[in-house]
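Below is one structure; the comments refer to it alone.
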């Protein structure tokens, strides 16, 4: 199972003075079970890209294949695709509308044509996996805190049991604790459910320790697509487009330039710690 | 899909018409509409046409822009034309079954369609050359005398300008919520009216919640910047009549008087 | 003589009271719990805390948008709890909010910046002058005739700051101004804020949960559950990594790494703030 993008282009307001090419010749294969990070700043085309993956936006040219099927084929069921490729938008708590949290999470499964009982089971399962306390299930979603609302909204997509889960800046506007909670949650889902996860972010430091592959977008183009430490090797180019690599990457490069024999590929704090201790000849504990 | 809506479409250009005080343009539009619906006879029609063409030339707005505005009322024009064509009593020219086309019918149909076209072009000339903010300012100042009868003129104007600022934001937000619900399998297109109306709930509830949140935030931000109603407020861009505005008023009055005279003469001698 | 504090809070308490339909008290939530805060003119103050720690409530008091339940708050020598001082207080302490969209009122940048001066009755000619100066001070002058809807988040926030600056405040309170921005926008806004502090001498109170943003502050307050739980220079605050983590704040990677290395026995000084400091410390360890 996989998603393949073949020469995908997308142009906003084609033929007018405001014409913007938001995606330029994107070729991409997302393998089943991968944990992918898409990085780029506002306007880089990353949000446009993910809306193509579940058919909410249609490419101006090019083809997208989901599990080998062309999603633009005439008889292709786009609604079916949307339940397989779950998309959690930025600030997803703004889409909550039901009177209780539980009903809201049932909305997706019900749209899939499931019975009330089945939808309820899905909702329970989803709310449990986002770690919401059971006594809250029948309260209004509007009384929750920001971080809790967001988890409910994510559960709303999870309840559709997607094969691929895309999250557009799931940590925007949250405080550090809320951010870590969401990222750990997503990471745990990847490990337990083995579903493909695409995490869109503008923070390298956030994604570096979780994902196995990073796609960097800039002005509608895919400029890097590789393992994190490979991408971070280009930290000077990243900086030019306004996307700094993690602070640790800079530090390791500076240390190595000054003669300390450390591995510059370390990207997280714990990797860096081990490397530095090793280089200084101390025992790693 | 929703982004195509343009409200109060303004066409930026450097023309005398753009620089006129919005009150002059509001008054002028009113005068023009009255003249359109009260004139009689060919000479008055010619005068109204000359007046409109010269204003279009002065405005420096491409004619194609005004034609765009006409497209939206094509259906209305056809219906008006047909009604007038068949339902006017008078000298019968052609008769097909029960439908009679009369001489007066043709005259009325042409007249009504022309009036509608002139009306649309005339009013769109105002919105094309005046920014929504100027319009609001103009209305506020023009309606100020009504404050004496306790009409909250300043508040109404403030509401209008805030609405103008937030319409594009809410349009974008609607688009986003719609997509978010579609990602959860929502279907806004199929089914009968009741099903469609029900499908709107997941769109409307979040939209209202968001609008209230924004209103709350905005009220606080306005208070933080010392907003306390219209009392004791100064204006960054106060409206003041200039030479051009006075001349424009004169032109308008002359035009209106001429139209009245032509109407009077036509009724008196032609009937 | 001691210089007068621009902001002086003593034993500030604020309780949100939730009532049921009959008006009986249902729940009392203490958002501020005996907060003391002194700010001298020209200082750059940062207030750190996670969501719900009471930092936004405190900000709204400084702008007289909320009145204290208990305690006193003086802003530029005026008692902020007195009704007659409200407009003076709001003028001397401006406020910038989190959501850039929901605080811009007009549909043209320059008209929005002019909104504050209009409200306090500044003569027309002076409004134009102030608008120009304020837009220039945040580097947004070239956008004066643009629509705010076409600007980026960072640009909108700078317009909001200019809108406050045009009222010539002595102090600006920024309530999580960067929370909804991307890294580029965040940088833009912080640069503008720092410039106002350095060049125009405006007192800055920056409320945030990003620790990276407070490195340049003169003084940092950390809030938790309505109380000020830590205060000091950035360096002294950053050296207490474990305590900060207890208060749900994340420490910058560099500081965290330095702390971890120190725990493993490396002789590194406390409260490392920048990459350069850490590189230097590690190289000197390496030479021993």
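Residue numbering begins at 1 within each chain, and the chains themselves are lettered A, B and C in the order written.
Here is the rule we go by: a contact is a pair of C-beta atoms (placed from the backbone, for glycine too) under 8 Å apart; a residue touches a chain by one contact, two chains touch by 3 or more.
Because the structure is a prediction, the values reported are computed rather than measured.
A.B. asks: To get from subunit A to subunit C along touching chains, fewest steps?
C.D. replies: Counted as steps through touching chains, the separation is 1.
A.B. asks: Among all other chains, pick the one whose mean CA position is farthest from the mean CA position of subunit C.
C.D. replies: Comparing chain centres, B lies farthest from subunit C.
A.B. asks: Could you see whether A-B or B-C has the larger number of C-beta contact pairs?
C.D. replies: Spelling it out, more C-beta pairs touch across B-C than across the other pair.
A.B. asks: Just how far, in Å, is the C-alpha centre of subunit C from the one of subunit A?
C.D. replies: 30
A.B. asks: How big is the gap, in whole Å, between where the Cα atoms of subunit B centre and where those of subunit C centre?
C.D. replies: 44
A.B. asks: Listing for subunit A: what residues touch at least two other chains?
C.D. replies: none
A.B. asks: So in the complex, which bits of subunit C are touching subunit B?
C.D. replies: The contact residues of subunit C facing subunit B are 60, 63, 65, 87, 90-91, 94-95, 97, 99, 101-108, 110-111, 114-124, 127-128, 131, 148-149, 163-164, 167.
A.B. asks: Can you name the residues of subunit B that touch subunit C in the complex?
C.D. replies: Spelled out, the residues of subunit B in touch with subunit C are 131-133, 161-162, 164-165, 168-169, 213-214, 217-218, 220-228, 232-238.
A.B. asks: Flag every residue of subunit C that touches subunit A in the complex, lowest number first.
C.D. replies: 50-52, 98, 152-153, 179-180, 182-185, 209, 248-250, 252-254, 256-257, 260-261, 264-266, 275, 278-279, 282-283, 285-286
A.B. asks: Help me check something: in the complex, which residues belonging to subunit A touch subunit B?
C.D. replies: 51, 54, 56, 79, 82-83, 86-89, 92, 94-97, 107-108, 111-112, 142, 156-157, 160
A.B. asks: Under the stated contact criterion, what part of subunit B meets subunit A in this complex?
C.D. replies: 173, 176-177, 179-187, 201-202, 205-206, 209-210
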